[in-house]
Amino acid sequence: MKSARNRSLAEIASLVVILTLIIIFFSQASPIFLTQRNLDNMLLDITTVGILAVFTTLLMIGGGLDLSVGSTVALCGVVIGALQGTWGILPAAAFAVAIGALVGLANGFLVTYVGINPLITTLGMLSIARGLAFVFSDGLTIPVFDSEGTQFDAYNTFTQFGEGQVFGIATPVFIMFVLFILGLLILQFTSYGRAMYAIGGNAQASQLAGLSVRRYRMIAYMLSGLSAGIAAVLLTSRLYAADPRAAPAMELTVITAVVLGGISLAGGKGTLIGTALGVLILTTLLNGMKLLSTSTDAQNIAQGVVLLLAVGLDQLRTRDINWTAWLRGSRLMPDGTKAIAKGD
Amino acid sequence: MQNTATPAQSKGVIPKIGRWLRGERLTTLNLFVSFIIICIIFASQSEFFLTLENFANIGRTLGVVSIVSIGMTLVLITGGVDISVGSVAALSGVVASILWLNFGVPLFLATLLGLLACTVVGFLNGYMIAIVKINPLITTLASFSIVRGLAFVLSNGQTNQLNDEAFKFLGRGEIGGVPVSLILLIVLYIVFFVVMHFTHFGRNLYAIGGSADASRLAGIAVRRHLLIVYTLSAFLAGLGGIIIASQLASSAPRAATGLEFTVIAAVVLGGTSLSGGKGSLIGTLVGVFILRVLDNGLVQTRVSSFYQDVISGAVLLLAVGFDQIRLKLTSTFGGK
Amino acid sequence: MKLLRKFVLLTVLLGIVAMPLAPVTYAQAQDCPTAKDNYVIGFANLTEDIVFTQLVREGILAAAEEAGNVEIVLADNQLDGATALANADNFIAQGVDGVIEFQTDEAFGNVIMSRFRREGMPVIAIDIPMPGATFFGADNYLAGRLAGEALGEWVNANWDGEANAMLVLELPQSGPIPAARMQGMEEGFQETVNTPVADEMIFRLDSKNTQEESFQVVSDTLPTIPDAEKIVAITINDGTALGVIAAAEAAGRADQIMVVGQGADPSGQEAMVAENSRYLGATGYFPELYGFQIIPAMIDLLECNAVPPAIYVNHVFISQDNICELYSEEWPAFCTPS
Amino acid sequence: MLEMRHIRKSFYGVKVLDDVSINLYPGETLALLGENGAGKSTLIKILNGDYSRDAGDVILDGVPVHFAEPRDAEGAGIRMIYQELHYAPELSVAENLLLGRLPHRQGLLGWMIDWNAAREQAREALKLLNVNIDPMTKMRDLSVVEREIIEIVKALSRKARIIVMDEPTAALTPPEVQQLFGIIRDLCKQGIGIIYISHRLDEVFQIAQRVTVLRDGKHVDTRPIAEMTHKALVHMMVGRDIEERAEVRKGTAAIQLGDRLLEVQGLAKTGAFEDISFHVRAGEIVALFGLLGAGHNILTQTIFGIEKADSGNVHIGGHPVQVASPQDAKRAGIGFVPLDRKVNGLVLGMSVQKNITLSNWSTLAPFGIFRPKKEMHNTRHWVDKLGIRMAGGIETHTRYLSGGNQQKVVLARWLEANVRVLLLNEPTWGVDVGARSDIYDQLEALAAQGLAILIVSSDIEEVLTVSHRILTIYKGHLTGEFMQSEATQENLLHAAAGGTL
């Protein structure tokens, strides 16, 4: 009865344990792992995934799914690169964020008003956005710099997004933290966050309780696109270049991290703390493996195995299994669980 | 019981229109019409589109996606999804070529063992989904990266030649002028059509997708069915991989990248619902045709590959979106 | 034995072109701040997905082992700028002594190099020049030209100097390195062949770096040129070339096509030596030998010895004519006269 | 014939069944009674192998048996009619009826399904209950009630030795209930044992020979029904006395009626209802009574903006309102308690507090930010006022509440949203006796405070008990209006059946 809260605490606790184990392992295996410098690098390295994960969490709690974020990052970056000359770099960056929001809005419209399945919608958008990124850039990486030497201040400001520091923290990391805290506040204290949980938990009931389910959902998709726009600005500013190939398969990394953190694909449950832990687990794992010069293939395999382990263990833990009977070889297995086909 | 009129008995023109609009036949019919329209557009743009040679070409290149789509249709009908098919397809070729080249296993046997490896992967997928009860998207997302990684590790990233006439026959050969892979896919579609419509196994899959609970309570072994479906899906993906390898006379760990997305797009285009319980193999076949013809036509009309991505994505959204809007309209025209 | 042969190859194939440069004299080794007994060198590979770069990696590891006092730290740039930057940061955190950087685009050069410069690390850039780094690698355009010219000459000799159509199997998603190779091939062919192929008969197709995609797009294109009986194809790598040939064979038009490519990997070589091969040949880069040039150069940089700012690899167009001089051991059946 | 001895079962450490024993004789109907959460459902799920038991024995014909899966129980001839509907919406009625046992063809094609035979078998099965539904209709296209009927047909159509019925009549109208009872008696004559679970005690007295009562997972008693009275039975179930409502009601003074808060004029929707006009005054409880499919459910849905009307208009408090969505309805001051609270009413994975405040964010979360103290204060107010009982406080997920308390949470939501008009669809479906009485009390109190309440119900007892005025509806037309004093079972049923009975 009272176990709902305990269970989510247990889930977070088990994530912390996994994270700790990974950290202990790699700190033993590599002397560099726990150095200030490496930790700084790691934080900087997760900004794109981190920013996208915050809003993907919101979206998925509301029962949505967005596979197009990686492509949208690339598209928004290319928009900056393509428009910097004519519009000036800062308006171009602002416009890119708006384009991100627009892509998200289009996703949201197709999902909520037209009623196409989110997986299909964002799969289609993945293809469209990536294609447009290549079309607008002609397939080339566009350097972002003051080619005419007339916008020194503007470019200086722009590069601050990627390279500057705020309160001694790298700007992208700072922005990620701000967005994370914003997300926490939204989920905890605002009606918007409450709406996400309600809609993800039971969209029909929420609709009948008088919530404008469509509008809330649409906003969630828009925020997801918007966050892709923000991530694109930070990335472009950090690399001094806009690449139509940017953020390859980012959507899968983000979803892996978010699901690792306990977000259910069915919606209605999960927390940002869990997501943060999921992102950290994934990135420490990959960072540690990189430090040990592990091949990319092994990293891919490890990523898959960790995902399966985390979700699988969680599944086993939350089930009330009669272990003694199971050990005796009886066919008595789970109980209390319904819905066999559709996971959680 | 003085029961109410069921929709099938209600009278009047408007409900009739509503029923007709809601009908499944129309989804397939719509698809057919869109298919014809796409063909007409391309035929008007490229004089070579409607040539015998091009038909033969489409028949030859249809095999992989259509065969893997069978498995995906089954999986989607049970309410699941299988993201790992592309990786699994790569695995079958890699395993077969390694066994043949490095261990001297006869190629025929090596091919079978390659398929076996895929079947095992499918079984593990099914086990995780049906027994451990992990969400299918998550499970197959994980095996998607694990299996692709395995293919690279096993092959050491190398492309291997599979120069063997008998082996090439599967992907390139012809019987009476008809490509072998086309014959194979027709046979498979007929077999699975019969399975889905005239056997208990097939009907049970619809029932499971419609309501796993109802099926379980009706005494259907839901877990076993799911296990079989994911195993089948991986087996068919492996078969697709073997056809790729045979067509190219080589195997590469990079093969079939992104196949899962093409396949899911084709199946969903064909009217199979991602929420399970609904779909048909005929629709899937039409979906596969549409995507193949679209690609073929875009290449032939020499559209830049950058635009090809945009157009494929847009066609998917348009087709599925149109179907959704049609379903919505039905509620205005005297639906239930 | 194999190593020895590689060294012979090395001396034959790799000409060091030292750019004329204001003579720089360095102090002796004891004054050199970076000189040490043992070195840790970071190598960030372009990608681990293709054979070419895998061979580069293997060569560098082999060369490091041979040098004895060099340990290599590996990373994979995954064809992505952000990943390359993260890897660069990682190398710095790991405190490597020098870096071999193989990344995807010149546009990222500045930001990546700024990190290394701050640390005073010597950098060797493979294939993509980066400001302030020693350049090593292919002149991709020239390498492309070699294949294009060879194909042109073959057409001049066998098809009366005229081809009906040209298939260009490119890799537009993968940035400037493949683009330069493609441009070289195309221009090399068109300038060598007696009658250049008309613009409208040049088909630019996206190979997406997979064999089956190249198979597919060529299969789709062949029906649109039913009358073409002399088709040339220039391809970005061996896998793509094999896809083209497979498509022509499947359409029953293998004898109407001739293909050149880039790379000359084992799989490509196997196709070249086949009977009635439609794979004329490919430009060899000998990526497995890169390391044997790069590692000594890196050690020189670290020990403050003079190193030319750019080291170019000499390319050879490998075909049936010369494969036995280079790889006789690999293809005994073809190279041993019966 | 069947014995379940000393069954124990707990979930997550909570004891759900504690030493429960029942037995069943051939040809007998055993009523299994108890409030929600008493453990009835768990017990029968253990019987059919859906759940495993922690301890105890199941003995069939003197032999201990063990059912690991529902399939095993099927094999032993045990049939279930579940309270919750289980069906595949995209499949035909025939397929759903014959799920898992579609007929085979003969001979070489023995592995194939014989569709003609399947259709015939389905038709036969439907004839059992005289149901006029085409077996090839898709389940999706049936109404909720029709689906419920199919569920019953499904269980009856197979050769069985024991049939367990978990509230089979929840969706049925009295004539249909009688028809079902006729079938049950026939089945008993064939020696089939029936376990009958219901909240409607009058049914139990009609059909059962013996009754077993559970309370809080414990076996209270098993007695022949002849020895029992209505009151004694309720006492056994609830553990305390509950007054007979109707009697209490007759004694209350005349109520104060206010203005017409809800007025419906000429509302029509093709295929559902025609030309509906009525009004509900402040302080009045009006019941809309009809047989299944009469159009009353869809009527309330239309007033609430879920469905769209073709013509007609709705006035709230004397002003015409345009209600195109539930949001509009909420704004206009209409609240709606849906038919299926688990599917349409509650977010089960959210706490009681969050469910209660779900429709009142405009006051509780000005500028989108919640005021936690006020929210908690308001929640407490309604929890106390409506007597919502839960273990673990207002943070408990509504999933763990009993049906009656869940219904109260939905009710509290609309009160919190400060609506003036309340529409309730079958407010006491699956709600046990104690909570039912509570809900009626509350509705009365709310009406007394000036709310206009419209109840849609197919339960004639409920209609007679709670409402001040009763409207009957038949095939989408209003056919009668009765004040409570003049309404009887006979005249209501007569009007609700089109006046031709």
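Read from first to last, the chains carry the letters A, B, C and D; within each, the first residue is number 1.
Here, contacts are C-beta pairs under 8 Å (C-beta built on N, C-alpha and C of every residue); 3 or more make two chains touch, one makes a residue touch a chain.
The model shown is predicted, which means the values in this text are computed figures rather than measured ones.
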Centroid comparison with chain B (C-alpha atoms), farthest chain: D
Inter-chain centre distance, chain B versus chain C - centres from mean C-alpha coordinates, in Å: 37
Distance from chain D to chain C - Cα centre to Cα centre, in angstrom: 73
Separation of chain A from chain B, taking each centre as the mean of its C-alpha atoms, in whole Å: 29
Where chain C touches two or more other chains at once, by residue number: 48-49, 172
Multi-chain contact residues (two or more partners), chain B: 152, 208-209, 213, 216, 304, 306, 308
Chain A residues counted as touching two or more neighbouring chains: 134, 139, 295, 297
Which chain pairs touch, all of them: A-B, A-C, A-D, B-C, B-D
In the complex with chain A, residue positions of chain B that touch it: 78-81, 128-130, 132-139, 141-146, 148-150, 152-153, 208-209, 212-213, 216, 222-223, 226, 261, 264-265, 268, 273-276, 304, 306-314, 316-317, 320-321, 324-325, 327-328
In the complex, chain A residues that touch chain C: 32, 35, 37-38, 41, 44-45, 48, 134, 139-143, 235, 238-241, 243-248, 287, 290-291, 293, 295-297
Touching residues on chain A, where the partner in the complex is chain B: 110, 114-117, 119-121, 123-128, 130-132, 134-135, 139, 252, 255-256, 259, 264-266, 295, 297-301, 303-305, 307-308, 311-312, 315-316, 319, 334, 337-344
Touching residues on chain D, where the partner in the complex is chain A: 11-12, 14, 51-52, 54, 68-69, 304, 306, 325-327, 329-331, 336, 338, 343-350, 354, 358-359, 361, 365, 368-370, 372, 391-392, 395-397, 400, 413, 417
Footprint of chain B on chain C - complex, ascending: 48-51, 54, 172, 203-206, 208-212, 215-217, 219-226, 238-239, 242-243, 246, 249-251, 265-267, 270-271, 274
